[in-house]
């Protein structure tokens, strides 16, 4: 019985692996770019969050700041961090298998790391508490289950799977400032801008795509990009509020 | 067979003056009074504390799209059904089972008419107009109270239909017992009518 | 009606869908004892978390993981450690199960159903089929309640009081699950079923007591237990419908998007006017629920205690071998208590922003209601005077009831006065208070009742040695469990805390919490005596006569166990219920149905 | 209801009279509601008419006029008292605030969004 | 029978004594609460320290009631035990069915009723009126603060130097930077301070307006004998005053189940000796710009 199961599993695994390799070989177009900010940077000052409700928050790190708008001031031009860029349309009815490795969401220093991230439907999300304090994880999801649970101890982890496409906010109700954005996709073509403000969507099949950028303060922007097989195209977004 | 019935199921108790079923129905109606009383109490409390403007405000009479004609007509339907019900009991008392059965049938027909009017001429058009349970608390309590009343009507339909159909065997075995049961059903049915007499002005007419 | 039955009933008609009040009473009894034990298991788990917060639960943690599966354990007890959600769910379900599925069905459903018709000489309840419907509604409600432990998100976790807005926003149904399948919604549906069961039962009880008393049994010849059942039934009949209404309203809030209990400007977790991922209009009043809820729940307290007093009165009269002292005062006090219990409810709401005049009104009614309680207790204690007290097993429980109820009742005083309620409201003091009334009070009375009427139900007596051991350990452990709660409460520890050591006053009395927890586990162990005794005695207990306690009330003149229809010939009553030690008689009891001494 | 046996036929006339009265009552309710007599007067009138109709239904159709059973009357009396309690005490209680309590529409806040929240908007 | 009774009594008393001896030994050391300041006062199995000017009244009521309860219980208990011993069934003893004619119980009941009435009218109602409705006048220079509860935090809103609270509305809420939804366009709001700590001065009365954003909480400060349910949709003012020598750190608790993390919904209350200490703290609690260099 068990052996039979294992064989079937191995076969399925081999088939999907093979299919995946083949897909990789063919689908190698790349869209990359950066998120530029044009406007008054001083209008979006960050302020320090007073964590004195919970001294444990201070123990991990000195200070934490508001996270809604973070600029990469050292890049030229000034770019925006934590922007989610993803393929909104154009993949047709292709289906993609979620990767086996989990996405890790850590609570550390009373902040969520990462603050913005994407995950594939069916992929495991591991939520971990890295603080010696009590954290509550409250999903404000609309399609997926509105998980609302607590991790009172350091080192606690919990595995979840999100099953449907969704965009939502996650909050800690114990530390009201803590929040992060999760976007669930049914494909692997998404990226979040980091310290350099750039993104890269790799391994796309040739085609015409609508790609969209989402920032929690500045909102959504989209553009259409057409790529041929093996081609690399640049698509820069500019937020000018 | 009737010798095995519990005492006072058919004949009234010499001291208390009622047969058990009737006392039971009165007690049940007392609890129903408390049930609807709680809803009316909730209605008053919500209305007194309702916001005067804003999305959740208590709608003015003119905003309710509620036709007193339909409500009034339904009131008449229920009043007539109460009369047919009590007449059915009178017919049984004078031994006329055929007439009673016809009158009971009329009661059921009127009850069904009430529900059909309620649903097709009020619930469905209201819901289509976007007046749903989460429009405001007036609409919420309107749907809850009339819905609960509707469930009571439905219950009445089931019980009366039972006595027209399979339950009518009892008439041939023990007519007095059957008459008593119709009287009890009647008490319930008049109570449902009575609730509507209060619901009608509260929901349809008051501003 | 019952006229249709034939001599040979099938197994199902005889034991499962029976219309015989005795079978229904036993069904109620067994089911409710199971629920009582289940509710007790929940609290034993809670006591672990309270005593040793955050420690993995030994044995039980692993056992539950085996039993419920890894997925369940991952959600509710990862690594054997209870999550706060699960803790809240256990607390809420403990309260609900103990009150609505355990104690009330035992007192009213089991004892009321079995004993009351026998005590008034009736062949059955007035409406046997409604009686059966009442039991099956109760069973359905229980199953719905229990099934809520298996849905994602777990059982209801907003407290047994289910205060909205918390209960309205809590536990949105998981993706892919029907809207009704969330703990709190199932709780509401289950409550509606339980309320229906209680309503059916109470109509039946009142009609039976009014209509089916045998010849000569006037109202003032009724045993006190029947009076207690009579008043209790009125409480159930008239107090439960408002909770049913409230339950329907909350169900609408959870399922249909209304906002009866949700005001405007609600910001839940940073989202404006969003509840369970749905926009709401607002404009409701959270206090509306509390009014409708406590309109039931205060009379419910008397539903929990009056039948227990009835049982205790029966046992005391029988074992002191003399009439109850002040029988009429007892009856009038009970009726008055029942009525007053309807107009004291807002003393549960003193802290909700109440003005002086209304709080003074409710404080006054609360003080007034304490007087009949004092009268009842005093009458029962004075009944001991001049008696010849037999320390039988049921009598031990009945005697222990008196001081325990005294503690429970007296500690209600500081909670009934608004000012002293300020520091004590919603602390462990409240828990100590009502548990003293319900656990060492009512549950001791229930045990007493089981030992007392067991010979009537089975024809056999329960073992006395085991009974005494059961009594001693139960009595001690009950006090070890609940006495520390008063100190915790005075210290300021709030109830329903997952980890009270977060607060310095909680940490300071953590030792008492541990004591209390050990008491609870010991209490659980002590019940082994009862289990052994109960099951062994059903088959192996000593066979006894129809009237082993030499009692006077009518049920003892029926055969044990009573046949269908109860009495071979309809009994006739000649005298009051407690004619013990009548001077000039050779025996010290004079049954109600006996014409002469012979 | 032993006496009811004899005069059942006499009842029938009463039933028809009550039926007429109920129809008149219903008409009256509607007429009165459509005349503006001030909020309170309208309310009181509507409730009084409803109460009169309800009394007729209870007294005649439900035979309370001929009911002689003390058990029924005591139960209903108790129910009436508790009904009154249920209708008055909660609303009295929620209207007895200590001074300074703010319980208007904005409730916990100083102001609420000007536009309605019912319009759907993406994001949080 | 008598011997049985004695054996039982010994068992009961012995068991209770055993538990009483064993239980303190089972007590753990209290885990240190997680504030980084020491909590003032000693806490034990009785009423916590009282630092308010009104709390002695409710303490008086509680103590009186417990003495009263004790007397009543002991009275009952003595009679109860006397009956159990004196009227136990034994050879030669028969029950006397004649009802006792003693008036004692009636007198006892009257005494109970009168005592309760006296406490109600003499202590409870007037103190309730004082505590709930006797707000300090503006001449007494009360400190105003708004308390906004949410799952699972207490937020304290101070009006700042201008003494006027900024207008608040849910539409302005940003959970990271504007948790109370203070209107950014309101000039009164610019100097407002929002913190998770309550800072007051010893001896200066405080008027706190308590509200909730989401569910029902209960604003409970045991050392002040203060408790007020926080009802969403209502803003309820409460007042308290602290003793002159009460400076120290105390805890604010939530006393009404408000969700899964109800237990961790606590806040720090600091009673300062002087107003200047409070002002200094308010200054330090002002929002400050986040130093980007500190950010990785």
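Going in written order, the chains are labelled A, B, C, D and E, and every chain counts its residues from 1.
Going forward, a contact is a pair of C-beta atoms (placed from the backbone, for glycine too) under 8 Å apart; a residue touches a chain by one contact, two chains touch by 3 or more.
Here the structure is a predicted model, which means the values were calculated and not measured.
Student: Where is the C-beta contact count highest, in terms of which two chains?
Tutor: C-E
Student: By mean C-alpha position, what chain is farthest away from subunit D?
Tutor: In terms of C-alpha centroids, the chain at the greatest distance from subunit D is A.
Student: If I average the C-alpha coordinates per chain and also across every protein chain shown, which chain's average lies closest to the global one?
Tutor: Chain nearest the centroid of all protein C-alpha atoms: C.
Student: Could you work out which chain's C-alpha centre is the most distant one from the centre of subunit E?
Tutor: If we average the C-alpha coordinates per chain, B ends up farthest from subunit E.
Student: Taking each chain's centre as the mean position of its Cα atoms, how many Å separate subunit C from subunit E?
Tutor: The mean C-alpha positions of subunit C and subunit E differ by 29 Å.
Student: From the C-alpha centre of subunit C to that of subunit D, how far is it in Å?
Tutor: 34
Student: Could you state the distance in Å from the CA-based centre of subunit A to that of subunit D?
Tutor: 58
Student: Suppose each chain is reduced to the average of its Cα coordinates; what separation in Å results between subunit B and subunit E?
Tutor: About 49 Å separates the centre of subunit B from that of subunit E.
Student: Which residues belonging to subunit D are in contact with no fewer than two other chains?
Tutor: Within subunit D, residues 71, 75, 78-79, 82, 86, 90, 94, 97-98, 101, 103, 105-109, 112-113, 117-118, 124 contact more than one other chain.
Student: If I count partner chains per residue in subunit B, which residues reach a count of at least 2?
Tutor: Subunit B, residues with two or more chain partners: 16, 18, 23, 27, 30, 34, 37-38, 41, 45, 49, 51, 54-55.
Student: Which subunit A residues touch at least two other chains?
Tutor: Where subunit A meets two or more other chains at a single residue, that happens at 140, 148-150, 152, 169, 171, 173, 176, 179.
Student: Can you check the complex and tell me which residues of subunit D touch subunit B?
Tutor: Of all residues in subunit D, those touching subunit B are 1-2, 4-5, 8-9, 11-12, 15-16, 19, 22-23, 26-27, 29-30, 33-34, 39, 42-43, 46-47, 49-50, 53-54, 57-58, 61-63, 68-72, 75-76, 78-79, 82-83, 86-87, 90-91, 94-95, 103-105, 112, 116-118.
Student: Can you check the complex and tell me which residues of subunit C touch subunit E?
Tutor: By the definition above, subunit C touches subunit E via 83-85, 88, 157-159, 163-166, 169-170, 262-270, 272-273, 285-287, 320-323, 325-326, 351-356, 359-360, 363-364, 367, 370-371, 374-375, 377-379, 381-382, 384-391, 396, 399, 402-403, 406-407, 410-411, 413-414, 417-420, 422-427, 468, 472-473, 475-476, 479-480, 484, 487-488, 490-492, 494-505, 507-512, 514-515, 518-519, 579-583, 588.
Student: Looking at the complex, which residues from subunit B come into contact with subunit D?
Tutor: Residues 12, 16-18, 22-23, 26-27, 30, 33-34, 37-38, 40-41, 44-45, 48-49, 51-55, 68, 72, 75-76, 79-80, 82-83, 85-87, 90, 93-94, 183, 186-187, 190-191, 193-194, 197-198, 200-201, 205-207 of subunit B touch subunit D in their complex.
Student: In their shared complex, at which residues does subunit D touch subunit C?
Tutor: Result: residues 71, 75, 78-79, 82, 85-86, 89-90, 92-94, 96-98, 101, 105-109, 112-113, 117-118, 120, 124 of subunit D touch subunit C.
Student: Which subunit B residues qualify as touching subunit C in the complex?
Tutor: Touch list, subunit B to subunit C: 1-2, 4-9, 13, 16, 18, 20-21, 23-24, 27-28, 30-32, 34-39, 41-42, 45-46, 49-51, 54-58, 132-137, 140-141, 143-144, 148.
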